[in-house]
Amino acid sequence: MSPTKKAGILGATGTVGQRFILLLANHPQFVIHALGASSRSAGKTYKEAAKWKQSSPIPEHVRGIVVRPCVAEEFKDCDVVFSGLDADVAGDIEMAFLKSDLVVFSNAKNYRRDPTVPLIVPTVNTDHFTIIPHQRSLHSLRKGFLVTNANCSTTGLVVPLKALQDAFGPFTTIVVHTMQAISGAGYPGVPSLDIMDNVVPFISGEEEKMEWETLKILGSLDQTSTSFAPLTQTRVSATCNRVPVIDGHTESVSLSFARRPPPSPADVTRVLAEYTCEAQELRCHSAPRRAIIVTEDDDRPQPRLDRDSEGGQTVTVGRVRTCNVFDIKFTLLVHNTVLGAAGSSVLNAEVAVAKELI
Amino acid sequence: MSPTKKAGILGATGTVGQRFILLLANHPQFVIHALGASSRSAGKTYKEAAKWKQSSPIPEHVRGIVVRPCVAEEFKDCDVVFSGLDADVAGDIEMAFLKSDLVVFSNAKNYRRDPTVPLIVPTVNTDHFTIIPHQRSLHSLRKGFLVTNANCSTTGLVVPLKALQDAFGPFTTIVVHTMQAISGAGYPGVPSLDIMDNVVPFISGEEEKMEWETLKILGSLDQTSTSFAPLTQTRVSATCNRVPVIDGHTESVSLSFARRPPPSPADVTRVLAEYTCEAQELRCHSAPRRAIIVTEDDDRPQPRLDRDSEGGQTVTVGRVRTCNVFDIKFTLLVHNTVLGAAGSSVLNAEVAVAKELI
Amino acid sequence: MSPTKKAGILGATGTVGQRFILLLANHPQFVIHALGASSRSAGKTYKEAAKWKQSSPIPEHVRGIVVRPCVAEEFKDCDVVFSGLDADVAGDIEMAFLKSDLVVFSNAKNYRRDPTVPLIVPTVNTDHFTIIPHQRSLHSLRKGFLVTNANCSTTGLVVPLKALQDAFGPFTTIVVHTMQAISGAGYPGVPSLDIMDNVVPFISGEEEKMEWETLKILGSLDQTSTSFAPLTQTRVSATCNRVPVIDGHTESVSLSFARRPPPSPADVTRVLAEYTCEAQELRCHSAPRRAIIVTEDDDRPQPRLDRDSEGGQTVTVGRVRTCNVFDIKFTLLVHNTVLGAAGSSVLNAEVAVAKELI
Amino acid sequence: MSPTKKAGILGATGTVGQRFILLLANHPQFVIHALGASSRSAGKTYKEAAKWKQSSPIPEHVRGIVVRPCVAEEFKDCDVVFSGLDADVAGDIEMAFLKSDLVVFSNAKNYRRDPTVPLIVPTVNTDHFTIIPHQRSLHSLRKGFLVTNANCSTTGLVVPLKALQDAFGPFTTIVVHTMQAISGAGYPGVPSLDIMDNVVPFISGEEEKMEWETLKILGSLDQTSTSFAPLTQTRVSATCNRVPVIDGHTESVSLSFARRPPPSPADVTRVLAEYTCEAQELRCHSAPRRAIIVTEDDDRPQPRLDRDSEGGQTVTVGRVRTCNVFDIKFTLLVHNTVLGAAGSSVLNAEVAVAKELI
């Protein structure tokens, strides 16, 4: 089968853009058709324009593609556009693309809070795609729409939470503490003098994002599929840290459930290990075989050893145990630039194709 | 003033032992008199026996000291003995030293739970020294006694907690999440293949230690000064991780107080910044000028930048703020091999001298 | 095609052994049949016995294999045995295996200097296999033989040297300076306290190995194929350092040729880029598509970005330029645990199969 | 003695500027009087303007100093000005300061090649100060002059070379290979994504600097003290790499001497250990007790363990041994931001005071 959908990538020279290129380079459904970047890069070949920082080389057929400016007119021939744009420019550009009736999967934060834009983690809440008809009607679009994916840290968190919420009902409290990789800050990103032999206990805006995104993603759509109902009975507290790790966010999670008695660690472990999602049922190309992996060893997950499992599209969970203060605590790991960023958008797009939205 | 108290160091070739040597090398009260290590090292000069891993060289007068075996008879002429022994040998050796009427300040975990052995963080609970007469009478000692210091992570935690408990009364819940330096595991300790570009979300026994030690240290002595009354109304949950940092444990702390309404972040900040302790009042040589430093910048404390403040004997606190789940959260940093280990023992000994126990 | 040769792996739980497992897990010719380790591990399943440190999981069918002791009798049914044994035990065990008429590909240093054992880097000197008939006759073997591969640092060095020697004739001087990854020291190997924020300018025995191995590998066999003639007109000086890199040895090389005038940087670049070797001509499964990759960018090769090129079986060369003291200097990178260790043995074995020695 | 010379610091908010502040904060001769930075910082207090990255805090009396723009008029009242300016602005500013009859000690590269500006490493060639009268007369200055210090890597190299040249006469060849710390690139400097788990085998312009600076520093002044005579009979080849180390450049050096027979390793070791320089004889405050430390252990020097010896103003040398290609090889370590940058300028200024040039 040769790929049939033409894909554009915005912010193609950046860290997330580079991941989009790797994920789409040999994709069975999407073919990299157009690359967009700043005016500084436009007109150059991709090889000239990009400071490539991936451990596998630029795919051969991408090297010579001439970079386009990020204007909708230049991407008219794309069936789908993936945006790895920075937040400072993503707002205007993505809206212009949407209004030009283009399909946009965005990794930027700008429209995540928009009441008509779904915030989708592909192994969690692909049912939120049902708002698309409403979104189209609002903007008088025929085929275009805009879907965002979540912050990298939120993404790792909501996968096991969704499994547990489905099985055991709502949470009263969620406390999460992250140890985040440097690649989450892009390139040049974190100066080495700031992070070698060090921890930075602050990432601007990150804790707020985790706290509200979780409520939207784990929430539901109303019955008319025209608005979202975020969780209201759950309190979330996030603490975010940067650590000297290249890829892979590690998160310690503590939970209490509304249900009494709460599930035991064995219950939680079983539910996590057995969790499956719609993207798997739809047999999407990038869907992980296991949406959640529960580790056997008590010193796992570890970013260096576990981040590449299932091509980076899974969440690895370990150390499920009782907590002196809450019901349950555990540790999880998510690959922040795969499932936590570009990988979410790509899998979201595959789901959209399966749902015949593209 | 030339130093007048002869000090012995057990486990002198290990990581904690090396710190003891640096801290005592130019001490105004203690002079390094005897060094003890395993039979493999005994009989060699210290320079020959030790694999020195500190960033300042072995003090000149220590290089040629001939290492002794760790038997009490060999340390009879010491006024005080500091133990940096590993837990697998510390139990028997320290008890033998105590029974020989020697004064022992131990960094090992073996006797921390003993109901007659105080567990003292020198900027927190030096009032626990009042159990010493009772301890002596139990063992029929004239001048000897045994004092332990706390686990490195616990030590960092209890300093701000003590300040807050003194000001605002008891806690209902304490949740702490650590990012601990590799030096806490000694030498050779953590293999580089385990920690470079990685986080290890498990340190054997560490979470349990933090959970109960906190209750003993923040607890009180009964009125007869013959037994400890650990806190009973406070729940503590600890999660411990190893991160690629050389020295300095970073800890995220969330707290709820029994008192309603709880103190505000401004109240907490003020109380922390103003905290003083008995070791300061006694003008002990190694007492920090400030027992707690509250940082101005919102991305601090950071281990590389803050661990050496006040010679490593302070705790640096930052990001004091409200929490969606608890009353208050903040981040702290402690130098794990100074205040968190050898530095506690040395300052404890200084307090004991000031209290005329030595 | 299903694999037809039964492979045994000695030292299977160690770092090199783990690489052998990954390289052979889906091999078209070899099937993992037997795993050998110390008596401490023998009798356990591989999952129980091994402290697995690779970033991809233990292959499913290997987890349950019961580890055997490293005695020849237990490996009689293997067509080929790969040895990742430590040098302190490899000598006796490998000789016993050889005398039992087994085929052994060893990563250990013990027999590299043996005048009848070839020291083969698979993309360099597979013509040295022609000594095997002589080796067999000496030991009265029917099908067994012993082949060693080179030290990891030597391996990276000799690949471009071979290309240049073939094109431009002999060298008068070779100066090499290494920056070696921690994985080269095995597990637990380098303590993190020794290498974080640090360089260790000494690796025991490494410089000597690089200096003599290079001469044997680049040398020739005599006409009767019964003895090796190492280079005698070339002086080699090696300086070896350990740096905080997980995988991938970086080496700076300076060369002078006997030929006057010497080749230009452009000549050298062209010859390196065009180099091909016998393993490629024989279409061996693990042979790299390009035995040498010459980088375009002047800040490459870099271990994190280039070590996985061609599955780790290539050598990447960059910064080819003239030298104020010698004729030419350049920088190279080799994946120390793939081509520099297990990958050499596996590719050597594939060549041996192609040559009908197995 | 209270300090009597008023010191200005240009580029005060940068990495080198921060080191100047730490080195001058408690200096017996110089008092920090004026701080200069870009127009973006001018007018703010130093605490507001600087992104402080040192492991000891901003000195109390410096926090509130209002930063000035880098114009000579603003520094008229300074007895000496230390420049940590970047090369892109240092040229014009330093020349303007010189022409305003100010005394400038510059860490920038701009005037190092100037035939009337001395390039001084304070433990090597303080005799080059004798060109100052000629420099003053050229610019018609009464008290002002301009002195540069060398590149950080060159600085480490020339200290042992000077000792050996004094004792054994000229070199025919010098080959040096560096492993340089990230702090050498300033802040934000090296992105963490470029250097974690990595080596970058290229530092723009660095090799050329090492190759010619060495010749000027080890060269002499002509008899009239009006021009420099760099070495002409010595070939220098430098290879420069960036490694994941925070502070401290490690360099492998190979040498051949003109004299036959060459000195033995024992000769070299003795001469290095006994070396003393004029800054020591003049009893300058920042002069190291030992200008060169020869290590006892064969795995030293190491940046983390040796960089702070003698306050960072020494060069540590180890592994002195014969070389298969040259006469001698050894490894050295220099603290790149102390002796390799700000520390050189400060000690140079102390020498100038002792020589009554200030």
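Structural remarks
First chain written, first letter: the chains are A, B, C and D, and each begins at residue 1.
Just so it is clear, a contact is a pair of C-beta atoms (placed from the backbone, for glycine too) under 8 Å apart; a residue touches a chain by one contact, two chains touch by 3 or more.
Chains and their UniProt names: A, B, C, D = Aspartate-semialdehyde dehydrogenase.
Just so it is clear, the structure is predicted and the values come from calculations on it, not from any experiment.
The pair with more inter-chain C-beta contacts, choosing from B-D and A-B, is A-B.
Comparing each option in A-B, A-D or A-C with C-D by residue number, the pair that reproduces over half of the contacts is A-B.
Centroid to centroid, with C-alpha atoms defining each point, chain B and chain D lie 40 Å apart. Centroid to centroid, with C-alpha atoms defining each point, chain B and chain C lie 48 Å apart.
For the pair chain A and chain B, the distance between mean C-alpha positions equals 42 Å. Multi-chain contact residues of chain C (touching two or more other chains): 53, 196-197, 244, 246, 304-305. The part of chain B that touches chain C in the complex is made up of residues 15, 53, 182-183, 187-197, 244, 246.
Listing the residues of chain A that touch chain C in their complex gives 53-57, 196-197, 246, 304-305, 307-309.
Against chain C, the residues of chain D that register as touching in their complex are 173, 175, 177, 179, 196-202, 211, 235-237, 239, 241, 243-246, 250, 252, 254, 298-305, 318-319, 323-326, 329, 331.
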